[in-house]
Each structure stands twice: as structure tokens, then as C-alpha cells.
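Structures are listed in the sections that come next.
Across the two complexes that follow, subunit A remains constant while its partner is subunit B and subsequently subunit C.
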Partner chain A sequence: MSPLLDIEGLRIDIPGHAGLLRAIRGISFSIGEGESFAIVGESGCGKSLTAMSVLGLLPRSAVLSAETMSWKNQDMRMFGRRQWSHLHGLGIAAIFQEPMTALNPVLPIGDQMIESFLHHRLGNRRAALSRAGELLERVGVVPVERRLRQYPHEMSGGLRQRVMIAMALMCRPNLMIADEPTTALDVTTQVEILALLKELQADTGMALMLITHDLGVVAHVADRMAVMYAGEIVETGSVASVLTRPAHPYTSALLSCLPTRGQPLIPIPGVVPALIGELQGCIFRNRCGFAMPDCASQVPEREVAPGHAYRCLLARDDSGSTTDSSAAPLEAFQ
Partner chain B sequence: MLSFVRGKLLVSLLVLLTVSLVGFALLHLSGDLAATLAGENASAEQIEEIRRSMGLDRSLLAQYASWLTGAARGDLGTSFFTRETVFSLFMARIGTTAILAVCALVVALTISLPLGMLAALRPNSWLDRLVSSLALSGQALPSFFLALMMVSIFGVTLRWLPVSGSSTPLHYIMPIVVLAVGAIPALMRLTRSGVMEVLEQDYIRTARSKGIPTARIMLNHAMRNAILPIISLSAVQLGTLLGGSVIVESVFAIDGIGLLTYRSIQRGDFPVVQAMLMFVSAAYIVLTLLADILNAWLDPRLRQKR
Partner chain C sequence: MEEIQSSLPAPRRLRMRRALQHGGFIFGFAILFVTIVIAIFAPFIAPHDPIAQNLGVRLLPPLWMQGGRPDYLLGTDHLGRDYLSRLIYGSRVSLIVGFSTMLIAGAIGSALGFVGGYYGGRTDDIVTYVINCRLSMPGLLVALAVISLVGGSLATIILVLGLLFWDRYAVVVRTATQQVRNADFIAAARVAGASAPWIIWNEIRPNVLHHILVIATLEMAMAILSEASLSFLGLGIRAPTPSWGLMIAEGRSFLFAKPYLVWVPGIAIFLLVLATNLLGDGLRDLSQPEGRR
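Right after this comes the complex of A and B.
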């Protein structure tokens, strides 16, 4: 079966004063119906930019190119205004990092929720309000009648994120993009929101594209994942496989950054290089403990297991992992 | 909402009282009103006579008290010169000035809101640059110059429009244009910068991700937020316009509030000046209050702070 969303060789360049910023350099991934796929990386690695490109909401100055960029086998690059408008809400819906600012402060949340439903002509106002009510009930924003008339500032961050989720579901999208959905929330609320997302996904059968820096969130929610570093996907595979048998030194390093009781954190030394000008070889080599001279010229793509690929000169066999200390059972994240 | 308005009204009353006191003091301390009234060739006795008959020989506080009690009953006194009541002088002119002011503001808003919005949608486009340079030249152009140029072109050379008086609607066109040109630059800039700022907000991205078309995003999401400071500025500008423009009223020979105030100041017609001062401050206060109420109605966050 063909995937819902198929991206091959996506590049995003952003012209700036210092030169062309090569923000995304040839990444590929696909998301099938009902699947949940996570993109993990540090801030600035391009994961949000990737999400925005799928949403067609890149900044005006950004230049996008790709070998394939298709939604249900249709070329997204050929989409006109009308097709994008149709895709937004109906095909793809999104929730964002800051629930505090993602809702319009001067409109009641009911009005904001029914807006896309009415725009996409899925029914009249009454139908829209009743669907909004059902969804608010479902995500636990009650009493519904009062909540629909409330304004965003009358709600907490966790409630607003629930409203955002309900709003995203209004038009029954095939894919929900969640860009750091829990980062701005406190820990207990994070867990609740993640559980809710997972439940809703099971209920509705929609696919989920989760953007996060938090490996714990990935372990909680996603089936497959991609690790991004400095505009490239360095490792991709099933969550179980990547987290228990990380093959790329960067993934291992990320895993050893997770706090464990009684052990000091190991930060990754060095900084992400500037992505301006010609870039060659492995972009992680200046921070990598395994770097060798050849890393400056070539980066082969290797497979650990079917579906679990990484870009590195180091060969891993099926049994081992890069740094044994970092390999952790999957349950440790949950 | 009611307590919000009540609180504002109380403050407004205090402001009005303060303005009346300061204005009264300044007018009386700025020179000998009796001497001014008596004229250049008056004898000392004549001046004294006027001082007594006008009640100007009493203490400043006593004079203020009697003015205030009169004003509280709605009696603003009579003009020293025309012997008409200040109220009738005012009523004869406020209509003309109010028409000019309201029309000028409406014209200014009709032009600056759409242009400011379009400029904000496409920053640094040719339209944005055109709008910015229009605003700049509008601001740099003195209104007396624009008024005189318009009179010479449309009045004298082309003979399309009458140049003096206020007897027909056609008479109002040029003064309204001149006043509007004065108000447009600030409104247009504020619209542009306000909309640009709002378009950067996360909730605009949310609206786009829902597939809402740009026109609807502009009106329903962006303008609903960007309009708040524009309402406040419009209130201030309408207040200024209601005070009358001496230049515009002089050039187009319109007998309005501006000219009345100007002449009264020149000849020391104290009751009229004091009344006009009170009118202009009251107009500012009422308009600002209306703007606050309108903003609170549009923005729920402002409502809750009270």
C-alpha cells in the first residue's frame, strides 16, 4: 500500500546575509495510514522546518526542493491555493508547541473550533457546534457549553493544548502533525496529553507525525522514528530498534544525555556547525568520538536490520551497538 | 463592564475639573483681561469700571467658584464682545466642524486601513514602498500648503469646487481632503506595523494550518487584534479634529470651532476660550472612554483586568 505522505530528498535553503543556509539537506521519510512517526533532534536541527514544509507554511524566503513530495500519491509541489486549503484541516491538521499563543486571544474557542469545519463545508453551524462539543468532551474539556464560550486566556496551558487537539480533529484529518506538543507543559500534563494523543489515534485511525526533542515522548507514542542532526536524518527505524540498538554515534550520544538516577549526565561536546556554504561528509564528525579522516568525504547509508538504517562509516552488526552503556531497554523510557 | 465604565467616568470628571482650574488660572494670569477688553485708548477709570462690572476685581478663587457653579448648571456665560451666550456661539459652529471632523476621519480610515493591511501582507513589495512614501509625504506636507494648492488647482484653475464657505456639500470636499491627509499617515503606519506584528503570531499560523483563506485570516484573526490601537488613535485624532483646524477653517472661510477659538484667544474673550477648552478636553475624554469601551468589548482580556 502506498504511504499517506512520501518525502524523498527534501531540501530547504534559506537565503540570509551570511550566505545560503542549507537548513534541510536531502531528507527522506514516509508516513503510512494510521502510523505514528517521530522526528527527534536538538533545537535548530530542522525538525520544525520539516513539519512546516509538509504543512506548506514555510517562511516566504525559504526555498524548497525535493525528488518526491507527495500526499496520497499527488505531488504536493503542484498544489495550488485551493488544494492546500483543502489539505489543511481535512487532510493534515496541526498542533503546536505553545498552546498559550496558538489560539486567537480575542475569539471564543467555540468560534475558533468551528471555523475550519464551516470553511470546508462539512455542515452547518449547529452540526459544527455539536461536533466541537463532542470533541471537547472527548479530550476532557468540560463543561462543554461553558468552555465553548470561553476565551483562551481563561484556560490553563494544558486545557488549551487539549482544545488545540480537539480543534485539529474537527475535520477528521488523515494526519496530525504535532510539533513539540508537550514541551511547554508541566510533566504531569505532558503524560496526560501524550496518553490522550495515543488514544485518539487509536480511535480515529489517523496518522501522527510527532516532532520532539524528547526521547521519552518518542518511546511513549511513536511506532517509527527518525533522528535528525543539523538538517539531515542520521538514523531511522522502528522506535524499539533505534532506542535499544542505536547505530549512529549521535543517537547513542542523545541516549546518554537522558537523565538516569544516580548517574551524571553526559552532554554531547561541541556545537552544531553553521549550515552555510558547501557541506561535505558527515556533519556530526566534529563532535563525534569515533570520527576518522574518511568522515570528511563520505557517509554511506547502512542497515542494522530491515527498516533500521543509519548514515555512518562505522559498521554495526545486528547484535551490538555503538556504546554499550547507552543501550537501554525500551521500558526505561516509558 | 459597568464598574469599568463607572471607574473611568469618575477619573474623567477629575480630569475635567483639573483642566478647568488650570485653564482658568492660566487665562487670568496671562494678562489683565479688563485692560484688554477696554481697548488701547481707555482711561484708568474705564478699565476699573470694566473690571468691576465683569467681576474681575474679585479673588481668582472666587471668580473660579462662580464660573464653576455657573458651568455646573450649564451656564457657560456670555461672550465679552458679541454679548451672545457662549452656548449659542458654540452651537452655531459645532455642526460644521463636527461634519468636517467625522468625514475626515472616515475618509482617512477608509484609505489607511486597506492600504496598511495590503502593505503588511507584502512587506517591501512595490505596494508597501508606495504606501510608505505616501505616508511620508502626507506627513511632510504642511496642511496650509496643501489647502492653498488645492484652492488654486481645483478652485481657481479648474473651477470644479467652490473655494470658500460651507453652504453646500461641495464646499466640504476640499477641507475634508486636507484634514484627512493630515490624519492618514499615522493611521496607515499604525495599521501596517500592527498587522505585520499580528501576522507573526502563532495563532495566525494555527489559522493557516486550518486552511482558512488569507482574506478571512486578515479580517477575522489579524484585524480583530490589530484594530485595538487603531481605535485608540482614531479617538485621539477625532478629538483633535473636533477642536477645529484654524488653518483649514481660515483658508476655506469656514466659520467653525477652530476659528471661533482662535479669534476669542486673540481678543481675550475669556468665557468663550474657557468654554472651548472645556469642550475640547471633554471631547477627548469622552472619545477616549468610548475607545476604551469599544476595545474592552473587542478584547476579552481588557475586560477581565477590571
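Right after this comes the complex of A and C.
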């Protein structure tokens, strides 16, 4: 089956005063129909930039290049304005981190919800409103009649995020990109929103691209995941495999950062390197506990199991990883 | 026991309530409204033809002064024309100039501001340059020069003022647009497939509209005053069309003998400009959240 979205060798360079910032350096991933794919990584690792490039929302100064960048086997780089407009809304929808600013404060939410529906000529105003009503009901924003006439400031953060999700579903997209959808919400609301996303995905059969820094969210929602560090994907595979048998030292270190009762937290020493100029070898070597001289020159790509790959000099046999302590049963995250 | 109120009244009702408590807003709105009604129904209200001369009743004083006549409430001018009728018809000129200038200047300035603020980059550089060019010109002086070259008429005054006084709209709309354009809901609209003009009109304009409204009223007052100044200098409305500025100019030679010829239209200009300014201030206060006066 050909994937919905196929990205290979994506690079994003941003020219700046200090030199060319190599923000994304050759990442590859693909998302199949109905699949849910998570990208995890710390702040500034380029996960949002990756999402923005798929959405065509990169800042103008950013320079994008890729070996493959295709949507349903069509080259996205050749898309004109009309094709982007068609892809947006009908193909890909997005929800953002901050539900406070993601809704226009001066328009009632009903009007905002039907905008894209009407824009893509999927029906008249009445059809749009009835679809908006159905979706609001589905995401649990009731009573629908009153909510449609309310303004964003009359709702809580969780409600607004529900409205955002309903709004993204208006045109029945094939892929929903959720950029940190629960970060701005409090913990109980987070769980509700994640459960809702999962349910909706099962109902509609759409694919989900989830951008997050929260491994708990990944374990909860995603099928496959990629771990990003400083503009590269360092490990990718099924969620079950990556979280229980992390192969890359960075993934292991991330997992050790999760709090466990009675044990001290293990932080990752050092800081993310500046991504300016020519970069060679493993980007994680300055913070890695297993670093050796060869790390400065070569980074082979290895496979733990089919579909579970990582980029590191260290070989892991299937029986166990060098950082056994970090391996945890998947349930621990949920 | 009194029941605890569970919800605030609807926002529209709240806004009405606040508006009715704002003295300046009420005063400004009332005066402007009355002036508009008078201007529209001038032929029915005015007791005489505003340009009909009757040299038999030259320079009559207003009713309450010695020698005033009940059929000429505000007296007559040096050609025996009824001053009240001229004042009533003169409001038409002031309001037409005020509103038309506001519309032309508002359209030009807002368009520039939206484009510069939304697109940014090179486009914004060009817009900023154009705004700076305009700001470096002394507005009324340029208006004077152009009108003395082309000749004064209602249309030229409106065009010249409209093409000159768009700078404040452009500056404010540009800044306000810049503040809004980086919000997530703009990104959301783009992801929903909306085009730039659509986003500007449907997403940004409602967020910026209250700024435009406030400037529009202030600029309208400015335009009314400018027309009066131009007409007073003899470069604006041509006689015998009644204009308040022109009435002051014509009455000027009788300033010491018949001061009412100057202060009657003077008060009219003062009240209308004050009313529009107060309305603008009121709108500004009301468009801000409560308690942030």
C-alpha cells in the first residue's frame, strides 16, 4: 500500500546572522492511511518545523529541500497555490498547541467552523451548520445550538481544543496534524482530549501525525513513532518496540528522564549543539555516555527489528540493550 | 433569600449598557445624529431658500436681539439671505465632505495597512516608504496648493482631502494587522485552504475594525475642519452654496458690527467637530475591556 504522506531526505536550512542554521538534516518518514505517527523530541529539535513544512507554512526565509516529498504519490514541491488550497482542509487539517489563540476572538465559533466548509464549496450554509453541529455534539461541546453562537472567550481551554478538533474535521481530512495538542491543557483535560482524538481516528479512518514532547501521549495514541534530536531522526519504529527496547542512547536517556517513584531522576547532561555550519558524525556525541572517537566521523543506520531503526555506532543485539535499566513495559506510560 | 445570578447578561446588552453610561459617547452620538437628520431633511426644515437674496431685509439680527424678526430666527446676512436656512443647508456640505473623505481615506489607508502588515518583507518596505512619503508632506498646505491650482468645488475638496489624509489609517491598521497575523487562527485559516485576501477580509478585518472606527471618527472631524478652513480661505466651496466656513468668511467684514454672522456658523462647526471627536473617544473607550479606561 502506498503511503498517504511520504517524506525522504527532508532538509530545512534557515539563513541567519551567525550562518546557515541547518534546522532539519535529512529526515525521512512516511504515514499510511489511517495510521497514527508520533514525532517526539525536546524543544527546538525541529519537530514543529517538520509539521510546518508538511503544511506549507514554513517561514519565507527557510530553504526546503528533499529527495521525496509526496502526498498520495504526487510531488508536493510541485504544488501550485490551488493544489495547496485543495490539500489544506480537504487533505490535511491541523490543530495547534495553544487553544487560546487558535480561534479568532471576534467571531462566533459557528462562523469559524463553517468557513473552510464553505470555502471548499462542500455545501451551503445550512449543510455547513448542520455538519458543525454534528461534530460539536461528537466532540462533546453541548448544547450545540448555544455553543455555535458563543465566542471563544466564553469557553475553557479544553472546550476550545475540542472546538478546534471539530473544526479540523469539518472537511473530512485524510490526515490530521496535531502540534502539541494537549500541552496547554491541564492533566485531566489532556487525557480526555487524547481519548477523543483516538476515538475520532477510529471512527473516521483518518491518519494522525502527532507532534509532542510527552512520551506518555505517544504511548497513549500512536502506532509508530520517530524520536528527533537536533534536526535528525535518531530512532524510529513501532511505539511498542521503541519504548520497550530503546536502541539509541538518546531514546534511552529520554526514557530515564521519566519520573519513577522512589528513584532519582537522571537528567541528560550538556546542551543541544548549535546547528550552524558543516556538521559531521553523530550529533548527540557531546552528551552521550557511550561516545567514542569514531562517533565524530560516522553514523551507521542499524535495525533492531524490521521497521525499528536507529542511527548509532553501537550495535544492539536483540536480547537486550546496553541500558537495560531504561527498558520499561509499555503499560508504564499509560 | 436572593438567588445567586448564574450568568452575565449577553455581551451585546452589556455593551449597550456601557454605551449608555458614557456621557461623551451619548453627547457625540446625539449631536451627530441630529445634524444628519437636519442635513437629510433640509428642504423641509429650512424656512427659506438658502440662496434667495432679499436686499430689503439685509443684515437682520437674530430673533432675540433688538430688531429681530420671527420669520428670520437667526437673522439674515449682507445679501438678505436667511441665516438659519444657510446654516441648515451648510450642514450638508460639512457632512458630505466628512463622510466621503472618511470613506476614501479609510479605504486607501486600510488597504495599504492590511497589505503591508499581512505580507511583511519587501511589500511592507514599500508600504512603509509610501506612508513615510505622505507623512513628510504638510497635509493642509498641499491641499491648499492643489485646490488653488485645480479650483475649488465639493468634488475636488473631497478628492484632495481623501487622497491626503489616509496616513493615520495606514499606520494604525498596519500595526494592528501585524499583531494579529502571527496568531494561530491565521495559520489555522491558511491550513484550511484560505487565500491571503480572504484571510485579510474575514479573519483580520474584524479584529482591526474597532481601530478603524475610532480613527474614522477622528479623521471625519479633521476633514470637516479642513473643509471649513479651505472655504474660509476662499479656496473651498464656491458662493452661493452655503458652507459654514464660507459663511464665516463672508461675515468677517461685519465682525464688529454684526458678530453673530461669525459666531453662529462658528458654534455650528465647533459643535459638530466636538461631537465627532467625543464619539471617537467614546468608541475607543467602549472597544476596550471594562475597567481599562
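What we mean here is this: the second predicted complex is superposed on the first by the 334 of 334 C-alpha atoms of A that agree within 3 Å, B and C clash if a C-alpha of one lies under 4 Å from a C-alpha of the other, contacts with A are read in each partner's own complex, and residues count from 1 in each chain.
Here is the rule we use: a residue touches a chain if its C-beta (ideal position, glycine included) is under 8 Å from a C-beta of that chain, and two chains touch if they have at least 3 such contacts.
As the structure is a computational prediction, the values presented were derived from the model and not from experiment.
J.: Should the pairing of subunit B and subunit C on subunit A count as a clash or a fit in the superposition?
T.: clash
J.: Check whether A:94 is in contact with subunit B, with subunit C, with both or with neither, and answer first, second, both or neither.
T.: It touches subunit B and subunit C both.
J.: Scan A:151 for contacts with subunit B and subunit C and give back first, second, both or neither.
T.: both
J.: Please work out whether A:57 is in contact with subunit B alone, subunit C alone, both, or neither, and reply first, second, both or neither.
T.: Both: A:57 reaches subunit B and subunit C.
J.: So in the superposed three-chain picture, is A:102 touching just subunit B, just subunit C, both, or none of them (first/second/both/neither)?
T.: A:102 contacts both subunit B and subunit C.
J.: Return first, second, both or neither, reflecting whether A:244 touches subunit B, subunit C, both chains, or no partner chain.
T.: neither
J.: Intersection of subunit A residues contacting subunit B with those contacting subunit C?
T.: 55, 57, 81, 84-90, 92-94, 96, 98, 101-107, 115-116, 119-120, 151, 164, 167
J.: Would you tell me which residues of subunit B are touching subunit A in their complex?
T.: By the definition above, subunit B touches subunit A via 201-203, 205-213, 216, 220-221, 224-225, 298-301, 304.
J.: So in the complex, which bits of subunit A are touching subunit B?
T.: On the subunit A side, the touching residues are 55, 57, 81, 84-90, 92-94, 96, 98, 101-107, 115-116, 119-120, 151, 153-154, 164, 167.
J.: Show which residues of subunit C lie in contact with subunit A when the two form their complex.
T.: Within the complex, subunit C contacts subunit A at residues 11, 121, 183-185, 187-195, 198, 202-203, 206-207, 209.
J.: Any idea which subunit A residues touch subunit C in the complex?
T.: 55, 57, 60, 81, 84-90, 92-94, 96-98, 101-107, 112, 115-116, 119-120, 151, 164, 167, 171
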